[in-house]
Amino acid sequence: MNRAKWIKYVGIITLLMAVVLVFLSGCARETQTDSNERVLHGAPGIYPPPPQGHFNIYITNNIYLGIYLDLVEQTLAFYNWPEDKWIPLLATDWNLDTTKNQFVVHLRKGVKFHDGTDFTSRDVVTSFYIPYLMNLAVWQYFDKVEAPDPYTVIFHFNHPSTVADRYILRVTYMVADSVYGEIAREVQSWADEEIYLKGLQEKRDKGEKLPISIEELDRRWNKVAGLRAKTMDKFRSFRPERRIGTGPFTVDIKDVDESQITLRRFAGYWDANKIQYDKVVLYNGETPIITPMLLAKEIDFATHGFPIATERQLKKTGFRIMRPPTFGGAGVAFNHDVYPLNRKEVRQAIAYAINRDEVAAVTLGEAAKPCKFVTGFSDTLVHRWLKPEYAKMLNTYEFDTVKAARILESIGFKRGIDGFWIDDKGKRLKLKLLCILEYADFASAGENVSLQLKKFGIDAPMRAVTAPQFPEDANQGRFDMMIRVWGAGHPHPHFSLYNDLISYNYPMKLGKGMNFPMRQNVAPWGNIDLELLIRSSAEGFDIEKQKDSIGKVAVSLNHLLPILPLYERYGNSPLLEGVRVAPLPEESPYYLNNLYLDNFLVLMMMQGQLQPAVLPGHNGGTR
Amino acid sequence: MPAFLRRLAKNFLLRRLLAMFATIFLVVTLTFFMVRLMPGNPIEVYINQQMSLTGISYQEAQNQAASLYNIDLTSPIWVQWVDYMKKMAVGDFGYSFSSPGTPVIKMIVDYLPWTIFSVGISIFISFILGIFMGMYIAYKRGGWMDHILSSFASITSSVPNYLVGILLLIFFGVQLRIIPFSVMRGTAPAGVEPGFSLEYLWGIFAHAILPMLTYIISTIGGWILTMKNTTMTTMGEDYVLVAKARGLKESRIIVHYVGRNAILPLFTTLVMQVGLLIGGSPLIETIFVYKGIGYALSNSLAQRDYPVMQAIFLCITISVIFANFAADLLYSKLDPRIKSNVTE
Amino acid sequence: MSLNEILQLIRKDKVGMVGFFVLLGLILMSYVGPYVIPLDEVVRVDRIYEAPTLAHPLGMDNMGRDIFSEIVHGGRDVLTVAILTGVLSTLIAFFLGAFSGFIGGKIDTFIMWVVDVFLTIPRFPLLLVLAAVITLDNIYLLSGLLAILSWPPLARSVRSQVLSVKTRDYIEAAKLLDLGTYHIIFKEILPNLMGYVIINFIFSMTAAVYSQVGLIFLGLVPLSGQNWGLMIQMAWTRGAIFYTGSLAYILAPIIVIALFQWAAIAFSRSLETIFNPRLRGAS
Amino acid sequence: MSPASKPTSPVIELKNLVKSYNVRSGVMGKSRELRILENISFTLNRGEILSIVGESGCGKTTVGKVAAGIIKPTSGEILYEGKNPWTLPKHEFTEYRRKVQMIHQDPYQSLNPVQRIYDIISAPLFRHKKVKNYKEAREKVKELLQRVDLSPVDDFIDKNPHQLSGGQRQRVAIARTLTVDPEFIVADEAVSMLDISIRLSVVDLMLKLKEDLGVTYLFITHDLAIAKYFGKGGRIAVMYLGRIMETGPTLEIIHNPMHPYTRILLSSIPEADPEKTRSKKHIQLRSLDIPSLMDLPKGCKFHPRCPLWLAGKCDQDEPSLQEASPGHWVSCFNPQSGPVA
């Protein structure tokens, strides 16, 4: 090869590079969309793309639409959290008949599914029998769903509860009978029998007399189990091509790739004139993947949890930060098998030794509100659910290291020469703090708690593990303390308390968990069974009775501190106004709706309050 | 031993193939047990996902999981292993755990080509550019280009590739806004029919640019340094000195004497790299939302989707082993010194 | 070869010399620095992500702590793991590779097969399993694990070196003189591989830094305390890379690590000229 | 051991020795037998010199390595002092090993570059308990260096091989073999890589050792001239493609070569007198290419190159070694006689 050839080779390489650059600039062409289209860019979180991602709701790896699901499939109603009001959607009205133990719903007329079929009570029944197949919680409360006429549905309670309405009206999405009907019919063919047998089983467990023999029960039980397995097998591999709903947008499996989902306007939507957008593009990805997209102003709204640094940059970039509540947050859970953490004085001392304001400030900044009342549920629910006599029993554990030290000294602990506490058995306190690595807020909270405890004189090194590993360690009790969630996204505190004290505790059979004994001696009431109280706290229609149970559990949690709630997480959801979305009002009660469960953005879109930034005719597209 | 058996036993290729299958068998077995011993199992992961996603209780999530997963994780692990091996022998990879209706083989077929496409092209570009640069700085040793390229090479080859990817994204995508990365995510342009149309090919190439750029930047340093090294070694060889003494033209020496012999050892490394390409890069493909095998691997890992993971690991194992075999073949073909193998 | 000669050779290669001093500086900073500069553990809520000042040359982190002090304290574990892993994996590779190459025959075939298997086992699940089975929360276990994972390729190349040294006439002479296997391995073969081994030791050190940081980044190593890898991980999950004000938080550890890697490689290149076999007259 | 002890007993005997390898061409090729040595036999008496002469690739180094016990023959027998070393118990084998030493061709490769001269020579001394401590070892090493004319000794003893010249290194290699008092030395092209000026002095040193110590030599070379000089009183065996073509006393071979191959080799030796060299009649080969061992010709292996071949004879049958005159054996259907003109 001579010099000329050398140059030729170098030339080829340069050409290659040039081609790369041309391609690079060439792909900008894709950004040009129809200039008349009004598009909203959202980010629901992470979803699996096809082929494993699919549209069979309730089966794992279905394509997750997050808050935007409401744009495709709808529920009977929407909920206004701060005002505790229902907003009718597919149902026009409903009533609770406490005497007949019935919940009667009247449906909206003239609603059409994406495939053109009418929405009737038949679809509602189907929409409830699929969850039955999946053992969903909605069926904890009633034993039958009936459709006496095309626009009326009756739910028969067997375990009456005030929380059932949310399951019926908001948790269960309405799917088309044309898609799921066949499966639902099959479920219905054996569901009554199974519910009947379940009732008998409950009696049998309680030792009551049964109308049929045990052998008969087992035989019938096996038969039903076989039928259920057969239906389940069929359902597992059921793969509809489209997600047929009644919402203002449609989605087809062809509109989904690993990067984005495109929702297209449904012309036959019953409330079509309120919808101002032609398309919604949803981008796939977890926080670190979505953040650069936001910073490039490619996404209008995201519900991910963003670390402080990102939030600052988002503000700098011009995003408005929305702060809807989540009704949960991070707390410290203690392993009650570890001495001296099984002494409530030690836990109380730790509570006094941790400055919750600081934890909140360094983890999520303004998006974290330090827990004030330490009840295990959102502080915003305290005034609504805690009677004054219980509320005044709450200790707020104001940051006070002197008091914390006094408590420890009172039970015979001493400070060693290195400043670290030595317990009454002469052992230096060393408590490992387990937390999830990938969750920036948990890891930050863990680091801060670890630092604060070190300052106070408790050596609490943090051990951060990956998210899939964490439950393993948590369930098996392989921790001294851990940072974990408390609370639940539900306006009734029952669910928060259930998660706080039951979900991660020993009754879960999988392991010891934090092993907090649920039978406790609590000052004014003597021996109480917390598990029983929690389970009964949502039963029946007597709110006052529920409040008593909740009060007792809240006070017990506050005094015994099996977990120490640190802060309540609020959204720091970036909203980009002026590019594809016209500025939203300064204030709205909807902003106080739960971030994930009754999100203000989709609600405002459906109510016609979400307007494109630029009028049609101008470029309202991507750039 | 009958004569034909003895002949078979002596057949090198056959022996080599047998050894390869033994390796595959062993590695697959080891992988099987490793995957099963991983902390967390698909049901647990599902339960926790549901709890954090929808705020339902553990009990509820567990009930759902029980009806959802039709998988046997209770029988003894060796029984599961025998079952797995039997099915694999007839090419049955089973169904995804977390997505029960999806055959694993379909996922592999869907994901693998993208990885081969993007990583393959970048290995090729990186190799070509790397050896040219390496050779160039070997000749201009001590010059400013040498210092710049050598430093560049040692830094880029020591910074983990996912960091390279992130930095690319931040500086070119977010800070400088040169790369319109939001539309470059994914593997194919949305709304363009797949096929041999210019638009589609253009599209898939554009979508692969960011991952490819990352691979190239993070691997080219290695090629530059190795090529520089082998070139310098070769330049000191007797035959090159003799060629110089004979007064051959510089360019002829560069190409025929130094170049050829310096690239030779790199070819085997190249082939082995090709073997590794099947693995893709879980982190890079996740960062750029690129639907390759690495993306599938990181998803299935997070969900502890055993069949999918095992199938992907099997692909990786086989490709690595065959690439090593190919590298051996190539080596003996390219290097005249080991034309024949002497055995006693 | 005398120390003088070595020093002369180091001086000749300017880049190598810079590398050497950077390496020395980082080692001093990591092992002596912590005694000079205390770790800043004061949380200052009002100074989160404060820009660099004279007192805090790298600015403040997510809790308002001095990043510079964290960098100073974060090197020791990283370097210790790198050095330990380098020593361990080089030792394992050296002895197994040399043994395999020297002994030959079936044992050699077997060892090389084990190496093959080792190289083919997917790293990711292996690490996950190991991380779950042994709690990798101390640097010695981590070094051991990394060493176990990283010896095979080196063992293979040591073996081929041994094979090439083995055919040298002086080995044949030693056999004829009946000097014994021990002498042949330890006095004749291994000393000839020293240069090769030292350079490879440096390479396995840099590889250990690479994989160590990778493991920590992926969260497979639940280390606590100060560590550059952990700093990158934390800064990454905390989105430091996205905020212009917090870039120092994530770039500082990346840059020191890259600097260490670069310096090690640059230094190893000047070592290469020192150990160039030509200098010693063997080809 | 004194040179007079067993004056005519054979030290080493090779009987019908064959060495072959299985060779695969390429990774996937079939394996086939490659015969490096075919039916080699000779006997060497104590104090004798046998020079093996041949072009490179003729198998002469292999013969040396077989004789030194480094390579095990495929078939045939090797007897050292009447015993086959490969059937000996281990300790006797090691003793045989020690008695037989080798001087390698390349002095750059035969000395370990990382060791000092002292280390190289003292290692066998310690190993075989010839010395007890450092002081003794140092004395002994100095004595050996003196013996191979490396003086002043102190200039050399602490040097590394790369600081020495080729000739000096070869002397060190010789000194090393002397540490174990060898009886039989295989000198494999021992001087071919040295400058001409140094060659003779090293050869003289080797001859001196023979006189002093009664060493028996198997002297392997491609150079008939050096064989002529070194093996004046000994014998020569000429090898071609793994076979002995002609063997006999050195002077007989030089003055009366019978095999055409020997005659060609002799005709190419430059004489001291350039006039004589010019007048020498060069015998032309039919072909310059040596046939590949993988693809040997039928009949006499030399016939494709032989200027004197007999069609129908040499290309059909392979001649065997015949004693043409006492002690002079030749393997040829058409032997010549008389000196090469």
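Of note:
The letters A, B, C and D name the chains in turn, as written, and every chain counts its residues from 1.
We take it that a residue touches a chain if its C-beta (ideal position, glycine included) is under 8 Å from a C-beta of that chain, and two chains touch if they have at least 3 such contacts.
Since the model is a prediction, treat every value here as computed from it, not as a measurement.
By the count of C-beta pairs in contact, the leading chain pair is A-B.
The chain with its CA mean position farthest from that of chain D is A. Measuring from the average of all protein CA coordinates, the nearest chain centre is that of B. Each chain gets one centre point, the mean of its Cα atoms, and the points for chain C and chain D are 50 Å apart. Averaged Cα coordinates give chain B a centre that lies 23 Å from the centre of chain C. Distance between chain centres (mean CA atoms), chain A to chain C: 44 Å. Looking at chain C, one finds that residues 131-132, 218, 236, 242 touch two or more other chains. Residues of chain A in contact with at least two other chains: 288, 292, 295, 469, 472.
For chain D, the set of residues touching two or more other chains is empty. Chain contact summary for the complex, chain C toward chain D: residues 168-170, 172-180, 183, 187-188, 191-192, 194, 277, 279-283. Those residues of chain A lying in contact with chain B across their complex are 1-3, 6, 9-10, 13, 16, 20, 23-24, 26-28, 30-31, 48-54, 56, 58-61, 64, 133-137, 228, 232-233, 236-239, 257-260, 262, 283-285, 288-289, 292-293, 295-296, 298, 328, 467-473, 475, 485, 488-490, 495, 498-499, 502-504, 508, 510, 596-597.
Touching chain A in their complex are the following residues of chain B: 39-40, 44-48, 51-60, 63-64, 66-70, 96, 98-102, 106-107, 110, 125, 128-129, 132, 169-170, 173-174, 177, 179-190, 202-203, 205-207, 209, 249, 251-252, 254-255, 286-287, 289-291, 295, 299, 301-304, 308. Here chain A touches chain C in the complex through residues 287-288, 291-292, 295, 306-310, 312-313, 316, 358, 361-362, 365, 437-440, 443-444, 447-448, 450-452, 454-455, 461-466, 469, 472, going by the rule given at the top.
Remark: chain C residues 15, 113, 116-117, 119-122, 124-126, 128-129, 131-133, 206, 209-210, 213-214, 217-218, 232, 236, 241-242, 254, 257-258, 261-262, 265-266, 278 touch chain B in the complex.
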